[in-house]
Every structure is written in structure tokens, then in C-alpha cells.
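Could you have a look at this structure, given as C-alpha cells, before my questions?
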Amino acid sequence: MRDARSFAARMWSLIVSALLLGSSLGGSVSAQAPSRGAGDDVTLIRGGTILTVTRGRIENGSILIRGGKIAAVGRNIEAPPGAKVIDARGKYIMPGIIDCHSHIAIDGGVNEGTLSVTSMVRIEDVLDPTDINIYRDLAGGVTTANILHGSANAIGGLNAVIKLRWGKTAREMLFEGAMPGIKFALGENPKRSNFTPPPGTPRRYPATRLGVEYTIREAFTQARNYMRQWEEYERRRRAGENVVPPRRDLKLEPLVEVLQGKRLVHAHAYRADEILMLIRLAEEFGFKIATFQHVLEGYKVAREIAAHGAGASTFSDWWAYKVEAYDAIPYNGAIMARKGVIVSFNSDSAELARRLNLEAAKAVKYGGLSEDEALALITINPAKQLRIEHRVGSIEVGKDADLVIYSGHPLSVYSIVEKVFIDGQLYFDREADLARRAEIQKEKEALKARERSAERRPGPRGRPPEEEADKGAEHPLLPGPDKEVRP
Amino acid sequence: MRGSAHQRRRSLHPRRERVVGILGIALLLGSLVRAGFGQTPSVYAIKDARIVTVTGPVIPKGTVIFRDGIITAVGENVPIPPEARVIEGSGLTVYPGLFDTQTDLGLPSAPQAPGPRPAAAPAPPAQAQAQQQPPLPHTQPEWLAARQLQLGGQRFENARAAGITTALVIPPRGIFIGQSALINTAGETSQRAVVKSPVALHIGFTPAGGGLGGRFPGSLMGVFAHIRQTLLDAQHYGQHWAAYRRNPRGLERPEYNETLEALQPVVRGELPVIFHVNSESEIRRAIHLAEEFNLKFILSGAIEAYKAIDVLREKRVPLLVSVNFPERPRDADPEADEPLRVLRLRAEAPQNAARLHQAGLKFAFHSGGLSNPRDYIRNVARAVQAGLPEEVALRALTIHAAEILGVAEQLGSIEVGKIANLIVTDGNLFEERTRIRYLFIDGRQIEVRPPEPERPSAPSEPSVTVAGTWNLTVESPQGTVAVTADLRQEGEVISGVVTSPFGQSTISSGSVSGREVRFTLSVEIQGTPMLVTFAGHVEGDRMSGTVTVEGMGSFPFSGTRPRIS
Amino acid sequence: MRKRALLLIIAFGLVPALSLPSVRAQRGETYAITNARIVPITGPVIERGTILIRDGKIAAVGRNVSIPAGARIINAQGMWVYPGFIDSGTTIGLTEIGQVAATVDVNEIGDFNPQLKAIVAVNPSSEIIPVTRVNGITTVLTTPRGGILSGQAALINLDGWTWEEMLVKAPVGIYFNFPTIASGRFFDPETFQQRERSFEEARRQREERLQRVRRLLDDARAYAKAKRAAEAGVPEGNAANARDRQPLLVNPVLEALVPVVEGALPFIVAANDARDIKAAVEFAEEQKVKIIISGGLEAPKVAPLLKEKNIPVLLGPVLSLPRNEDDPYDSPFTAAKQLYEAGVKFAFLTNDASNARNLPYHAAMAVAFGLPREEALRALTIYPAEIFGVADRLGSLEVGKVANLVVWDGDPLEIRSHVRHLFINGRPVPLETKHTQLYERYRNRP
């Protein structure tokens, strides 16, 4: 029944499918899947300058990695048999960079901007492990990122802390055991002052900073009421009464967790007065703000921020893009640090995240932080802010082997990232990346050529020219509305 | 819509049925029905055909017998009842009718009026302009496809011409899209065509298009939150009502909520959920969500299922696999640098089914929104070329679909006792030249239009205007019948009203392409609705063509549209 | 310590307010920067030398320079002196707070505005000006950006009481947003809908826009001829009818294009896609106009063509993401090296205002990914000066050039370096900015 031609076509398809099956494992494009195999469990990085961040610098040092953890750090470490050895002479090794404010890898919108309180939405539900910016940020030394909801709402959604394990599934990227968090936003963004709604759309409350305060206050009041409802239910149930539990409210439950100290608040804020406002509000309700994000006027109220115990995660030198950013100064980080605030530098941008080491250098330029203090801004400090410092943020025995090898000192503009390890596995290797570029182009050309010739052929594969076929552009899996036209 | 081929169509029946005029048979039928005599007995025998039973070995030369819609015998030497209408099957192959396990066939394309009650909405925002907005279309779990169903028209004809006798109908997008119905693609009435309803609750992940300032949920994560909260509310509702029924004393009375009521079988794990998902991420997310609520579930679409075989195998998820393979968009920038990820997907997509089969996963097929049902079969043939064994492809079009959708006792194979949904072809189903000669649904023979000729169809001229009042006469052997057609036209879509001695009927679907016009309506004759299709050719103010009465035959008609100056 | 005190006294004595331009230098004020490592750019590094500044110009550069009496001496021991850097693409002076329309003058209404002049709207009081110059950028090209032909770009020094004092040269070119072929889905801000544009439609649209430019240039050519004829007057003996002697009715829009069609003024063509750059080059050939490419992130793909036609590129911003998903992750970083290797002349730009101060770090990233450091420095100094036709005045430390120079305590491309002294037009410029003031104020908050 099948003729020779279709048989050949079928064989060809099988061969190609076998090849593609092999090459598409993990779904990654430009990165290799991390190497796996016996003996790969142990790696020795030897002979480089180790910047531990918390324990000073080790010249001509080595790091032994075993089972994904840092097993040893020091000057003279023997390579165990079977260990993979990486020669790091002339190189610098520092802890993997932690970006405390990122919006990469999010599918279907960074903001649920239709309501002012959206604590029921979760970034975890919509992580996109195929976002190429994961790879690009990894190539800039970022190993952990705090993926946040946007700043459209006074109370936004729940965050996801991830490790940039390029090639894995979304769930596999989640940072196991990281304390959960939630995003708040104050100032111009949640009150929509820089944005005209589309015709026919009503304005959304709140439109003032007064309303922003009230929105948060009201939400926490509701959360407290919710807690009381449940406590009441429990009491009556234990007393044997015929009761039904209250309806679970996914919007209020995260706020209850905040009140109970089980969920970290990351609050986007700019102006000094609104920073104080949230501190007062939080203290009134009995919880602590984990970090202020951006916090560009933090330097004006650094004392109060330190007294409250909030961390500050800010830019190095962005300013003047909004009114509330007009008083921003690049000395912000240094002033806050000197007043006892735990400060981190973040990116809020897939592009900036590739060079957070250079952003850290700006804290030396503007404000005179020391080398270790500057490096801390992108390693141990954000780790503390995210409560993951027991796992990452410095090169110490027992911590995760999340490491970056630089060609030179990371605070120098001339240094580039050569290798990045996460959990002891090599997730980025510049040499391998360079070698793969030609292969990628070849594969693309081959696939395109096959497609074109298949289109020209008549028959079940080829199509009659005017046939009423679905336009590929409508297809659910092809680049959808998020694909922007570049101006 | 292509131009009508009615003028060129030749009859496919070996013998033409008794030709009677509309008036005659309608009256006769009507009177018979009224008198309670029941329908004309219908027994068919397809003899000496190759029979592909699907669940048993292929019978190279055998006979299938079915009576009143049920298969009564299948085999090599089967006695044929004397009253049977015999169909000569030598050189022909009999297959079970094919399934399309996800299509919006028969459903109105415009969004439906909102349901009576909004779903339990999230708590109103602080100081909101708390407008209780009507719910958006396809966000209501209580929406039933079976209630919206309308049989007839070009789409059904095309589906049948491709061999599709059973379809799971549901709109493709939405959040709580609604409850699907499994229908046969023909029936005396829309209600009669329903095989099973509801089949499942369908859940999609289409945001309401909110953006900044629109309707919730405007983002994908909002959709997840909404689904989760609604399912929690449904669980709570069930709990509350159960407690109340056990002992209402002292308990606050739960309110009746249609939406949450409709979700009870879902949260109890009785009514399965079908998730509309295609990418690997979407597939994994849906599985995770389903596990959160312990739902019984099926995944539909699953174009990238081959990337998630690990979890699909582990959880043994049944799959309804779309064969609407992504294609290179024709009007896209030829120099655009498409990512390798996209190129690979297009190359690999046809191999999806083969890989699922190799991994031991069970799946059925659906058309995935392909507008031409012949492309559906063609793409299944491509999946076969890409490595899926042909028998497995056939099973995915028949028995696996029936099993996954819970109708394996009635459909999906040629076995005694099952419904007689059969297609009789003149060759291998997956070959391009093969045509369907006979089609039976519920044991009734359905006319199959020859499929559209494969050639460019663009009419060289814009479509004629057919709006206006037409005075038509239908020539039946019993005499002429006068009919008035009041047509409205919007672009290529025709609507309007047809008046005849049987009363007035609204046109359910109609189109014009070039000079060919076609419109379908349901005429109630003595209480029995009959589907009537006019297919005509228009020249100026003259129209002529053929009118077909479902299951009866075709008769010429002609007429004019008087000019009113 | 004493040096520092001296400097502080000079600084405080001279500067009352943050954002005001530098104190007016007395004519004839002479400065000598001594003991410095001098990087002239166009010549070898002078390990230990002196620069003499007089009357706004560089009077002497060298190992042994005699210092006239009365000169103010700045001992730059341990420091480096570089020419002021030039940012070849900014909106400095035309914008203050991005989201506040009242402060933004970058995009005018209308597609064809070649007659608009950026220079007349430059705000010398912009806080962005001091913030930028204290990181060593003394001169910037500032351009309008709206429509297709946006207006006339101006080269300005970042110091002056009025825009006239800031002006180095204007017009330097006419900014031309080359129409791109934008197909695919896009968000239409007018209807707030997602819409789709087919490639054919997008291509037609682009052609249509180019056609309008062509017609405008045709008109400009005709106008130019008429203008030259009117200037030349009717030749003697030519029995011209009085009626033929038409006075030229001035058309400012066409007037602005006359130097372009006569080849004296280039279009500064904003284009990043390789296809657009190529089309722009072809367009320029066809229309016989000069162009400079601005942006040019995909210029390496058409480098041979650019080299052949001698078309320079204002490259950047280097610190941006790759344009396509499969592009190498470092493709914007390596663009400069690739242009250099292909022999294409280029300068760096930030296309920014508030953070144009980071210009050196764009250049530094290009060095990190393969561009020789000397080339990077040239692309910040002498190359833009040459491209803009001001190399006689700017771009290097040579006698006779304008004294735009910067004293650094380290490598200017390294982030951790600081500017210690700044001279623009031969006048010392205070290093105080809005930022330093806020810093001082709030670090001292009790």
C-alpha cells in the first residue's frame, strides 16, 4: 500500500527524529545540558584567587566540590581520584551572583494589573524555563534570582526564588526551601500616575499615595479578620458545635503568612516618606519588611530602615526616569550600608543582570565601599535578604557549590565570566558556548532548507497553493502576542 | 466558503431512493408519525467488503449488518436478512466512523450571552467601583455545549466527507470553557445527535485580556489563581452542603450557586477535567494543578507532549493529541531569524504521536482547530509517515478516543452491539486519493458530498449580492412548491428567513462565494424538523439550483428577485 | 592634604550652586597640569608631563613645558590626563524626567521635521549635564528623535551659561529614523489592541515611507538649484525677461535639506537591523547623500559594504541584549571588535541622557570582548571628532585644540576610577552635582 517513496520518507523521518530526540533533551538551545556521570560528582577548581566574600581572599586557592556542595576551600587541596580538575590559574572565583529583583522567565505577563491587591497570584505558576534571558543572565554570573511580580499593584503577587538551572523544567529551577515572599509596591506605579488607561476603561483605585496606604491597611485588616474567623471556627469546632470552616481565601492567606512572619515582604518604594509609611504600617500590624526594592531615597531615611531591620535592594545608578527617582543618587547604597542597612544591588532588567559585578564596582566608586563590601552587595547580602544565606552567598564549606570563574577580578571592567557552576554542575562554559555557535547555525540552516523543500513538494506534505490552511501565526505554540515588533 | 458544487454533483447512491416531492413524503411521514407507527424499519448489510474492526483482526472479505442503528452481525459468512438494503462492498473497506476529540463544530462562534449568575468572584477590591460585571464568555463551568448545539451546514458536511462521525464539541479557548458534549455529526435533530453530555469540564488558560485596567484575570498567573480559588470554593461549597444536609440545625444555610454546583462532580473526581494545553510548560503546569485538587483529568492539545514523556508516563495521563502541527507562517518576514527552538518544534511536531506510542502512552487524535477536516486526516497520515504505526493511528482515531471519553461500549470499533457509525471507503483511509463512498451514522445513511477538488479556489470576481426577497419554485415530482426567501447578506455570510407552505423558518447557516450561494434551514413538517439546504447559482436577479432535504433527496429550484425601483 | 585643601578652596570659592555652569573664566586664565601621565590619543603616552591651558585652548603638551608666571598649577602626580570623551548619541538637554512630558522635548509631532534644531531647546540648567561631565564626558551629540526626519543634531560641550556657549557645532547632521519593516504582532497604542501586520503589508509601508523621503529630497534638490541660481543672479547679457527673475521664496523645510542634497551635511541614520542598514546605504547611494549610521548593532553583518562606502557607525548602546534569540549572548559586546577588524570607523554612543555618564563602560565592555583598548579610546575621542568634522578642535590633547580634558585617578574605563579635575573650553569645571550635594547632605544627617 505504501510506495517506496513514502517508505523512504518514513525512514528518513525516523533517523532525523532519533537525532532530534537526542539533541532536544532538556529543551535548551545554546547551552549544553550539564555533564552527568560517575566521577562528575567531584570537581576541583585549582589555583585561582578565591574571593570568599565572608572570609577574605585566598591567593592561589582551590575549591573542592562534592555532591553539589563546597567540600573544601583552601590553598593546598589534593584532587581525589576521579575528580574533574579545572585549572583556574590567573582566574578569580567568587560566589554565584544573587539578583534580588528580576522579571525573567515569566509567562503571560509580569503584572496582574487588573486589581490593586493580587496576593493570590503566584509567579511559581507561570515560570518559563525556555526564556533565553535565563541563559544570558547565567552567562553574566547570576546563579540565583528572586523572580518578582511587577509593580502595578499596591499588593502584588507571590514571588519565586529560582536557581538559573538552564535546561531544567520550571519546578526543577525552584530554590528548594527558600522562604516564600510577596511583592508590594508604593508610589507612582501602583497609583498609575504615569499611565493613561485605554478608552472606556475606568480608573482603578487608588490614585494617590494616601490610597496606597489604605489599600494595604485594608488588606491586612481583612487578613486579621480572616485569622479571627478561623480561630473562631476552631474554637467552636473543638467545643463540638456543628460548624463548617470558613471559605478559604487565597488572597488573604499570604497576608496571614506575612503577619505570622512566614512570608517575606519585598516592597518596591522610592520616596522617603512612603518608605517610612510602610515601616510604620508594618510595625503597627506587627510584621517586618524583609526588603525595600529600588528604595532610591533610602539614603534619606537610612537610619529608620536600619532600625526597622529591613534590607534594601537597589540600583547602582539609575535616576531621573520618574519624578520619584529624581533625587536618586549613586551613593545611595553606600550611605545605607554605612548606616547599618543590609544592602544589595539588583538588576530589575535582564540586560543589567549580566553585569551585576560591575554594578557592585560602582559602590566602590560612589561611596568608597571596600572590595568585600562591594562584592557582598551581590552575594551574601541578597542571600541574607532572601533568607538563603545558609545555602548560598559566599564560598564556605557546606554551602552550595554556586560559583563563578572570572578571567580577572570581578570588579574590573575587563573581566569576563568563563564558567558558572550551580550545585556543582557546570551550567555555563564560555568555551563550549563559542564552540557551539557554528553548530547552531548549521542546524538552523538544515531545518530551514528541509522546510522549504517540503513546501515545494506536492502531496500530503506539500500544499496546494491556495489551500485553506490555518495560518501558522494563529498557532498556539508559535511566538504569540508577547513577541514584540522591534521598532 | 467555496462555491457550491451542486450542479456538478452526481448521486452516490447505487439506486436512487423513491423520489417524492417534499410535500408528499413530508405529509406521509408526518401522518405516520402522528399515527404512532414508528419509523420505517432500516436494516443494512454491507457485503463482501474488507472490514477493519479495529479491536479484532481485519476481515478481508466479510459482511456487516446493522439494524435500527445497532450492529447486529460482523463476520466472513453472515446471513443477510431478506429485508436488508444491501450495499455491494467488494473493493471497498469498512472502518468505524472516526472521532475528532476536540472541535467547536456545531457551536455558535460568537460569544454566548453570559450565564445567569457570575461565579464566586474574588473579594471585591478595596473601594472598587464595585461593578458586578457580567461574566466573560467561556469562564463559566456550568455552560453546556449540548444546549448550544446546532447541526447542519457546510462544516458538518466537510467533517463527514473526511470520515468524522463523532466529535467532542467545545470551544477551544477560555478558562472554565464549559462542559463538552460528544455528538454524532448527523442526526434527525441536534438533540438526537448527542451521544454523551457532559463528557468533561474543559479548562483553558486564556487570560481575559485584562492588561492594565481590564478584566480579571489579565495575566496567566491570574488565570491560575482564579482556577484555584474557584475549585477551592467548589470544595467548600460541597463541604458546606454536605454538612447542612447531614444536620442543618444551627448551621448557616449555604446559598445555591449554579457555578459551584456544576463543579461538584469535578471536585469529587467524578467528572473528568480536560485541560487545553500544548507546550511542555503548559502540560507540566496542568498536571501540577490537577494533582493539587486530586482531579481526574485528560490533556488535550499536547503538541509538545513528547518533551514531557517522563511525567506523562509516571502519571499515566490520557491524551487527546492535536495534529494541527505548527507551520511556518506564510505572511511572515522571510528574513526573520526564527529561533532554533521554533524550527525544531516544527520539524519534530509530526513525530509527537510516534514517540508517545513508543513510550507506551495512550492517546487519541483531534483536529486542533484545523479548518479543513481533510487536513485532519492528512496530518494523521503525516504522523504515520513520521513513524507512528498505521494501526495505532487508526486506534487513536477510533477506539482509544472512545475509551478515553468513556463511550467504548457504544463506539470506536465494529463490534456487535455497538452503534452503527461506519465509513465505507474505496481505499486505505490514509491515502490521499481515497474517497468515502458511504457513510452511516446511528445506522442511517448520510449523503456524502465529494470532497472539494484540490485546486485554487479564489473566485475571480467578488461575490454577488443576494440580499433581497426571492420568489422561488421547487420542482418536486408531486408538483411545484412556492417558496419565498428573504435574504440578508453581510460580506459572504447569508442570513434571513424562508417562507413556505410549512411556515417560516430562520436560516441557520448560509454563505455566498462568487456566484454560488448556499443556505440551510430547518423546516418543521408536522412536528418533525427536517434539514433543508438550498444550493444555487446566481446571475443578476435569477437564481437556480438544487434543494436537498436531509435523507430524502434533491430537487431543482429556480426563481427571481423582483426589482423594486 | 594641602593640595586637597587648595582644590577645595578653589572649588568652593568658584561654585555657588550645583547645576550652574562653571564660573566664567577670566580671559587669559592659564592653567598648568603637571606631573601627570598624559594620554593624547593621537600620539604616544607621555609618562610624566605637563599640559598648559591658555585662553581656552591647549597651549602646550609635553615632558618639558615651561610654565608661565601667574598660571594656576595643578599637581597631577599619580594621575592620568585624557581628552574629554564624546558621546555620539544622546538626548542631553532635551529631557529631564522621562515620564514627565513637560520635561521631554525629544519627539515632535510629524514625520518630516528636518528644520527643527535640537540646539535651541537644550536646557543648560539640566541636572543631567553636571552628572554626565563629572564622569569624564565633556562633549555630546544631542539629537531629536521623533518621526522619520527628526531634526538637526547638535554637538555641545557640557558647560556654558547659554546654549550658544555650549555649542560646538550645529547642525552636525539630520537625524533620520530609517523606516524598518515591522511585521508580526504588535500593540497598537491608538486602539489599545493587539494587531497583526503581515510582512507584505509591512514591506509596503516601509516602501511608502521611503518614497515620501525620496519626494522630499527631490523637492529639496529642485529648491537647491533655484536657491543657487537666485544667489548667482542672472548672468549679464542674458536677455532675461523681468518676469523670469523670480525671487526665491524661502521654504525652511527644504532649506534645511539643501546641505544634505548638496552633500555637505549627512543624515544620521538610526538603524540597527542589518537589512535596514543595507537598505539605508543603498538609499544613500541612490539619492547621492552622505550618511552616518547610528545604533548599528548589526552593522558587523554588513561591514564590508560600510567599509567600501566609507560609512562610519555611531555604535551602541553596547550594553544591550542581543537582538535575536539565537544570537550569541555577547553579540552587542563584540560588535565593536568586528567593525574594527573590518576596517569600519566607529564611535560609541549611549543613546541616553540620565546615564550617559556610563559611556566609558560601554566602551570598556567592548574591550573586555576583544576590542583593543587604544581603539576604544579613539572611538571615544578622535574618531567621533573626525566623523563630526571637528577634529581640528577636539578629540585629542594637541596644541591648538580646545582644552576639553579630564584628570583621572585611574583608568577611565575602569569603574572604580574618579575624575579629579575637569576642564571644558579651558575652564575648570566644578565636580559638584545634584548627586554630590545630596550625598553630602544626607551622609551628615544625624
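Letters are used for the chains, namely A, B and C, taken in the order the chains are written, and counting of residues starts over at 1 for each.
Note that in this section contacts are C-beta pairs under 8 Å (C-beta built on N, C-alpha and C of every residue); 3 or more make two chains touch, one makes a residue touch a chain.
The model shown is predicted, which means the values in this text are computed figures rather than measured ones.
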| item | value |
| --- | --- |
| Most centrally placed chain, judged by C-alpha centres | A |
| A-C or A-B, whichever has more C-beta pairs in contact | A-B |
| Euclidean distance of C-alpha centroids - subunit B vs subunit C, Å | 64 |
| Distance between chain centroids, defined by C-alpha means - subunit A, subunit C (Å) | 36 |
| Geometric centre distance via CA averages, subunit B-subunit A, whole Å | 44 |
| Residue list for subunit A, restricted to those that touch at least two other chains | 29, 132, 198, 440, 444, 473, 479 |
| Overlap residues in subunit C, where contacts from two or more other chains coincide | 183-184, 192, 325-326 |
| Shared interface positions of subunit B, touching two or more other chains | 211, 331-332, 339-341 |
| Touch list for subunit B against partner subunit A, complex | 122-123, 125-129, 205, 207, 210-225, 228-229, 232-233, 236, 239-240, 243-244, 247, 249-252, 254, 278-281, 284-285, 288, 301, 303-304, 306-307, 324, 326-332, 338-348, 350-351, 354-355, 369-372, 375, 378, 381-382, 384-387, 428, 431-432, 454-458 |
| Subunit C-facing residues of subunit B, complex | 211, 331-337, 339-341 |
| Interface residues, subunit A side, partner subunit C - complex | 29-30, 132-133, 135-136, 139, 188, 194, 198-199, 299-300, 302-303, 317-323, 325-327, 329-331, 335, 338, 350-351, 354-355, 358, 361-362, 364-367, 411-416, 433, 437, 440, 444, 473, 479-481, 483-487 |
| Touching residues on subunit C, where the partner in the complex is subunit A | 96-100, 127-128, 180, 182-187, 192, 194, 196-197, 273, 319-323, 325-326, 328-330, 353-355, 357-358, 361, 364-365, 367-369, 413-418, 434-435, 438-439, 442-443, 445 |
| Interfacial residue positions of subunit A with respect to subunit B in the complex | 1, 6, 9-10, 13-14, 16-17, 20-21, 24, 27, 29, 107-118, 120-123, 125-130, 132, 149, 152, 157, 169-171, 192, 195, 197-198, 201-206, 211, 214-215, 218-219, 222, 241-245, 247-252, 440, 443-444, 447-448, 450-451, 455, 459-461, 464-479 |
